[in-house]
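I've put the structures underneath this note.
Both complexes shown next keep subunit A, but they swap its partner, so subunit B is in the first and subunit C is in the second.
This part shows the complex of A and B:
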């Protein structure tokens, strides 16, 4: 009865990503070497994080319109899962940078790297969101206030994430334009794995989030039905 | 419409500014321009947290109810934003004045720095006014406001520090108007968001 095709697609895509990502031929580049395979994992974390945070904000908006606690549960769980993927992306990016940039950068420079900084800011904002939620005991009030904060923060954050990296010099690829990466740069061999990887990881993120949502919905059943 | 009572808070913040900068003076004497710049904006930030946090956190429940009866949510937040923006403008100027007397004044181009200073004060005050409203509804102290506010304000502060570097030399740098427009755009965004979102916080 439940539409499960996308979960099957998720598993298939991720299996393909891991096998293909580790075994397929990759273009030999200086410095990067075989670490170029990290592209399939590191960059994909960002797409997942952004997707989940966006979904979270959409549910925040929906909550403000409907005042339905279900929407709040959706919003908070998508945000939580987004944080997990944000941390994963941050750590994979940091490790990758510390192996490939060592000749040019020390750890302190990596911390100042604009894109990592942007993620650090995003993560801090969502940690603050969690602290804010923790500090309000009343359910309806908590949902309302945290929805307002997440919309405000999201609207403030994304213009700066979009603009800031374009204004600072950095070692991160794509400094002269698109901050994330330019699909035209990538070798067609890599695109074969990269695009399925993005979709697969995003589906996985959504899957985890919906599982958490369902768990919370069962926990809060008595309140929701009252 | 409202405000301009509680003179003591104003002088309290003033004293806070003066004593902080005095401590800095004792610790640093005459810093280099980059350090001066960084310190200046950090002090701006802390002044803002202290001055603007009062706006909602210091209001008693009874007075909030009174405001609720006489004014709509949009008018109320607009009035608060305007008042805090003016307060912060005055504070920015005073901050600069005390900074230049105690820590030296490396500013060569006065007029641009005046503009940047006022713009920075405006940006800070707008963001923190709205966050103060959120923190007040959460019945929390200023610590929560700092937690929520600092990550949000980092990008703007970085832009401000970057453009205020130009006033320390005679060299004209490109890209200035872009950043200024960007900051002004962010301010407009904050005001718009505050107007849209505040009614949800207001009714209770």
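This part shows the complex of A and C:
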């Protein structure tokens, strides 16, 4: 275990998240009820995904400057782990919505929900990133093209996840002046778990991504040293 | 030394606050909209224990993977 202090911090924060997230008191709200605790789980998945995609695009840019294949390995593995967390966030959101939104929204409203569509588009753009990589056998060409593509993919992430859903009629919190994650608006009792939860889950995502990176670095050792 | 005192005092403050978070007066809204029953008959702790087992099990798996990759790294060096 290299540099293990942050991994220990990850474990401690996640244990705290599970205990505090399920047992501490939360504000009682209509419709949401106890599912308000999903803030520590569902929303945390998106913070992890954003962090990992940001790291990925930084390494993509770094690759374009240095042409070092090591940076490409970092970029792709952070993006892959980010996709996993994105899919987890999407499916937990689906689960959550199917028990809360259905109480007062019609099916048509849910199918037209811009947040769901936007997120699906954003994830598909990242799936295409993997398809694009898989289709190019030449290592340097693959790294270069996918680094450029990942910049565009990242640029689409914020409009599809945040800007577009806020401009349209949406059921999701955070739209139409209905704030999500506004620090002045969230309950202090929830913030006590929310911030440690975000950090803990993010560390877990980074941990998994670095494991994948290290494995790939070993696998590609002969190419990297050539 | 000062760092340690700070850490200890914040930890004890947290432990002091913990019961008040868990046992404070239950409001009517809470009885209506939250899993009040589950807390009063204690079954919520079963759920917490189950989820903790899953999370810790996954983390143990990650730690083992980490160790295996570290070993591989040493061997290939």
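Here is the rule we use: the second predicted complex is superposed on the first by the 209 of 226 C-alpha atoms of A that agree within 3 Å, B and C clash if a C-alpha of one lies under 4 Å from a C-alpha of the other, contacts with A are read in each partner's own complex, and residues count from 1 in each chain.
Operating definition for what follows: a residue touches a chain if its C-beta (ideal position, glycine included) is under 8 Å from a C-beta of that chain, and two chains touch if they have at least 3 such contacts.
For clarity, every value in this text was computed on a predicted model and none was experimentally measured.
Q: Just checking: does A:218 make contact with subunit B only, subunit C only, both, or neither of them? Give me first, second, both or neither.
A: After superposition on chain A, A:218 lies in contact with subunit C alone.
Q: I'd like to know which partner A:44 touches here: subunit B for first, subunit C for second, both or neither.
A: neither
Q: Of the two partner chains, subunit B (first) and subunit C (second), which one does A:18 touch, if any: first, second, both, or neither?
A: In the superposition, A:18 touches subunit C alone.
Q: Look at A:136 in the shared chain and tell me whether it touches subunit B only, subunit C only, both, or neither; answer first, second, both or neither.
A: After superposition on chain A, A:136 lies in contact with subunit B alone.
Q: For A:203, select first, second, both or neither according to whether it touches subunit B, subunit C, the two together, or no partner.
A: neither
Q: Going by the contact rule at the top, pick out the subunit C residues touching subunit A in the complex.
A: Checking each residue of subunit C against subunit A gives 21-22, 24, 27, 29-30, 32-35, 44-45, 47-48, 51-52, 55-56, 59, 62-63, 65-67, 69-70, 72-73, 76.
Q: Touching subunit B in the complex: which residues of subunit A?
A: 64, 117, 121-122, 124-125, 128, 131-132, 135-136, 141, 144-145, 147-149, 151-153, 155-157, 159-160, 163-164, 167
Q: State the interface residues of subunit A toward subunit C in the complex, per the touch definition above.
A: On the subunit A side, the touching residues are 1-2, 7, 10-11, 14-15, 18-19, 22-26, 28-30, 32-34, 189, 204, 207-208, 211, 214-215, 218, 221.
Q: Spell out the part of subunit B that touches subunit A in their complex, as residue ranges.
A: My answer: residues 127, 130, 134, 137-140, 144, 147-148, 150-152, 154-156, 158-159, 162, 175, 179, 182, 185-186, 189-190, 193, 197, 200-201.
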